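Take a look at the structures below.
Look at the two complexes coming up: chain A is in both, with chain B in one and chain C in the other.
Now for the complex of A and B:
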């Protein structure tokens, strides 16, 4: 090997190791973000010529009923998905014991997260089925009327979110179980001597120590809520009458849907979704930056 | 330990806990148990609306053989493996290198590049969809397994780099310094000093990525079509369209689709959880 390499290898080596990763990531992730932004200023069917339309796609969005429905549903998703965090904590506290066989229980509780959302969606569509689904059998045996959850405009989004909360709660549970493992036993004992118990202990002694777990749980839950595409596509295909659309799904529908390929309009929706996500990504990066500097 | 260990509580609450545990589990997994039950029912049961009673006959073999014989589910599963395994190898290999570069060397753009990988890993898929589909079309890889796998490798590199870099950063740096003093080249340090220490991280990432990619549905629908190339997630969706009201078949198909990641999880549980919870404790 040449003397130049020998002299400079500590300066060159990182770039050598980074090159393939950066090339792939730039090609498939970084550059497409900017391309999408660019496409959002065009009218384009994906095949023929593009026509520059400036801000027209965005202006059209402002008047698009379906866009507002999707946006509203995204907000509902974001808010209700957060329930996975306390629910996960609750399950974790329930399972944080050392009785026989508890390890098996923990892994079985985690099960829903491992299986595909396609399967989760199918399972729940079936659970909600108006004629023989378990939900409606239960409702009717209690004397209520059956609700065709997935065909009802008022219930459909909540029904899909409930399906999504199932694996998401499992995810938060595992984060908290790991967090609880690392809680300092001495602090707990000291607090016990001071007569701290139950909820007070949880709030003042345990939760502060679970902060890293809570942070990760919030991050993955927000991302999960904004990425909600699979369940909507499988359970309702956006219906009934588009009432369960979310931005991620509406974008797909516009770009590749049955109504023709409107790539520019779809890209504009994606840009809006990206900007919403960017708020969270920036907060995450900011926290990471602070942690890095604090080391 | 919090909450109070159950052994230290009254016999009554110990007893309640022991009973509550299996009940809670059954309720939690009820949807899945129902699917498992349905997958062994006969078509007669389904038509008669017997979804929740005892099955009139157990058709385990018949139903599962039927889905493999009458549908391309075997092909879908093969496709899933063909996409998933190269992705795991590719993304882990790339991120071993990027993680090493970002975790070991100090240079100006280090943190900026690291943040690029982290941020990219969180972006919504839809902002990538149109250009990535276009790129794949132009490369002649649309509706091929390699086209799908290439995208997955690139995208997963973001998450894997985050993971690997933090893992390497926590390794004892003295090992690398000592090797440098000995005059070992940087490439040999990577291969002979760092890689052996990264084995647990590699194992954790592999199971995690396997599950993520196996369960991917969105990209499968964007980049592939038809039974020749589609993985099981997309396949299950189209089969669901064909099997209207044949819930015993839908259930059997769902179970088959869920099996590989579930097995992976049970075999590699420790690694899986270590991977998922990275950063949840510090």
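Now for the complex of A and C:
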């Protein structure tokens, strides 16, 4: 034993240090993924016996209007949620100056990310309220018709995304603010001497240095868009008639909702959502791997 | 102390025996009765039971409504209380099928409940066994602004034509006839239930919720067409899909809407908001098809013994106590609802009296509610379809076809 340990110490030590992390990760992430896949082949109400139904849940999914609505909404979320990145960059550039009290302004802009998504959802529900909401009071005073954003199938998803962009912009802003701290002043100085300013300075000198921040911002925004659940649940409960559902919400509804408890079907949705996320996760891992190797 | 394990064990034994001597049993009750009135009713109920059974110590866990619907599944399997509240009809079916509720036929027989609670026996029976004890129910119907009706010279409508005429007078005077908030869907289920019960009758309604009739059946279409008449005439509150049922109370209180198709639990918040017995009234949902006997909607709330309960003996004592006429009188007096026991007294509140008279003279049958009569998945799809229909009535055929597809899958 003693000699084996001495011989292989170098090789074993990292694994020993990794062991607690690996165990946790396996227990709470890896194993549940396979459990979900397994459950998705059964019909199960979470209480009684499971019945093996093979691919039936997936076949049903392919013929389920609600699934396609959720999928479509997820795509809209993914695309529009990206607006948080330029918006966050803009706010960060705006706040990246040394004025008296700037810290207070920074905190105020960061505030929406700190408060709970539930509160964000409620605030925006009132903002959109068809009879006393600020939005419709403003619209009507300009002579437009009131829009019941959250009760209108064409507007509802955009309305919720707008609410989601508020905290997400704050998140991206913080990422860029820290990124801007790391921007090399000498390079800026050098660029100034070469007469670079304005947008050109931003595009050719500042942005390339912010690349790591942009990368993280994209990743958290993509994941944020895919797991957009709380806002949908608070603001519309998936309605009107299910037109604001996203996959994460539909999965919850089917598996744990008041009228759900179809664990197998919910698990099948979870697997599909996982596969979509997997595209981004692999891209992310691939890039990390490449960057590490490049060093 | 580890040197004397025997002493330690003896000490523990002695202390548990002491505890055992002072309490014959501990009774754990889980309920979601967290609103003020139900909470007070249960406090009184438990205090009363403890006074009569000093050897039983009751532990009461109070849950909030939404959380309870998920937690009940966990605690019934993992850490079962001795009693839990739930609902009659199809809502308890999953737990009965999974063997998580205990049949309580003996409680019914020993205490003569088949006699005194006879009206609810049907909705408590699955597979020939009785699965719990009902303690309260409440009527549904139309709550209306009496003062607005009087000012506009509208008499309480008793049939479909009068109902539509009343709506027309109201809209002509800038008042929305019916307020409703369909954000959480079930309110639309109540409207559908009444329209279908009045158009096709109780037996058809039950056959439909049991999955024996196609949603594309022309009788369902007839119900939907009646509904469409109301929608086209601007009967319902605009943008109702954005509101919960509580938010939809506001237009009625402010006098912008005159009626609400609701359960009796709406009376308390309406009165709190300032309406009185003089300004708020109740009437039975009007007749649509005169050939159909009048059926009503009256959901029943119940208490059950989980199959994994530890103290079933005292739990049965509690159920027997809960079923007693005087206890049901008292609990429903606090709840502002109707007792199931036929020997109980109904509170002298005018809405309770109206509901009691209506329900005790009902010949057509008593439905539980759309989401208690139909299985969960059908209920969800159905109510979502109703909400869509109320906003986009032109999609009727598409909606009914979708529901028919769900029916083909749900009832196997």
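Definition applied: the second predicted complex is superposed on the first by the 266 of 295 C-alpha atoms of A that agree within 3 Å, B and C clash if a C-alpha of one lies under 4 Å from a C-alpha of the other, contacts with A are read in each partner's own complex, and residues count from 1 in each chain.
The definition used in the following text is that a residue touches a chain if its C-beta (ideal position, glycine included) is under 8 Å from a C-beta of that chain, and two chains touch if they have at least 3 such contacts.
Keep in mind the model is a prediction, meaning the values are calculated, not measured.
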Exercise. Identify the partner contact of A:204: answer first if only chain B is touched, second if only chain C is, both if each is, neither if none is.
Key: neither
Practice problem: Could you say whether A:286 touches chain B, chain C, both of them, or neither, answering first, second, both or neither? | Solution: neither
Quiz item: Given the touch rule stated above, what does A:48 touch, chain B (first), chain C (second), both, or neither?
Solution: second
Practice problem: Would you check which partner chain A:134 touches, where first means chain B only, second means chain C only, and both and neither mean what they say? | Solution: first
Practice problem: Pick one for A:277: touches chain B only (first), chain C only (second), both, or neither. | Solution: first
Quiz item: Once the shared chain is lined up, is A:18 touching chain B (first), chain C (second), both, or neither of them?
Solution: first
Practice problem: Determine, under the contact definition given at the top, whether A:68 touches first (chain B), second (chain C), both, or neither. | Solution: neither
Practice problem: Pick one for A:9: touches chain B only (first), chain C only (second), both, or neither. | Solution: first
Exercise. Scan A:144 for contacts with chain B and chain C and give back first, second, both or neither.
Key: neither
Practice problem: Mind telling me which of the two, chain B or chain C, contacts the most residues of chain A? | Solution: B
Self-check item: Common interface residues of chain A - those touching chain B in one complex and chain C in the other
Solution: 46, 131, 256
Quiz prompt | Contacting residues of chain A [partner chain B, same complex] | solution = 1, 9-11, 13-18, 20-22, 24-25, 27-33, 35-36, 39, 46, 93-94, 96-99, 105, 107-112, 114-119, 122-124, 126-127, 131-132, 134, 137, 166, 171, 174-176, 178-183, 185, 188, 201-202, 205-206, 212-213, 216-217, 223, 226-227, 229-230, 233-234, 247-248, 251-252, 255-256, 263, 266-267, 269-271, 273-274, 277, 280-281, 284-285, 288-289, 292
Exercise. Flag every residue of chain A that touches chain C in the complex, lowest number first.
Key: 45-48, 60, 65, 128-131, 148, 150-151, 236-237, 239-242, 256-262
Self-check item: Contact footprint of chain A on chain B as seen in their complex
Solution: 1-3, 5-7, 17-18, 21, 24-25, 28-32, 34-35, 49, 51-52, 94-95, 97-98, 100-102, 104-105, 107, 110-111, 113, 115-120, 122-132, 134-135, 150-151, 153-155, 157-158, 161, 185-187, 190, 211, 214-215, 217-218, 221-222, 232-233, 236-237, 240, 247, 250, 254, 257-258, 261-262, 265-266, 269, 273, 276-277, 279-282
Self-check item: Residues on chain C engaged by chain A in the complex (per definition of touch)
Solution: 66, 69-70, 73, 76-77, 94-95, 97-100, 182-185, 238-242, 371, 376-377, 379-380, 384-385, 387-388, 391, 402, 409
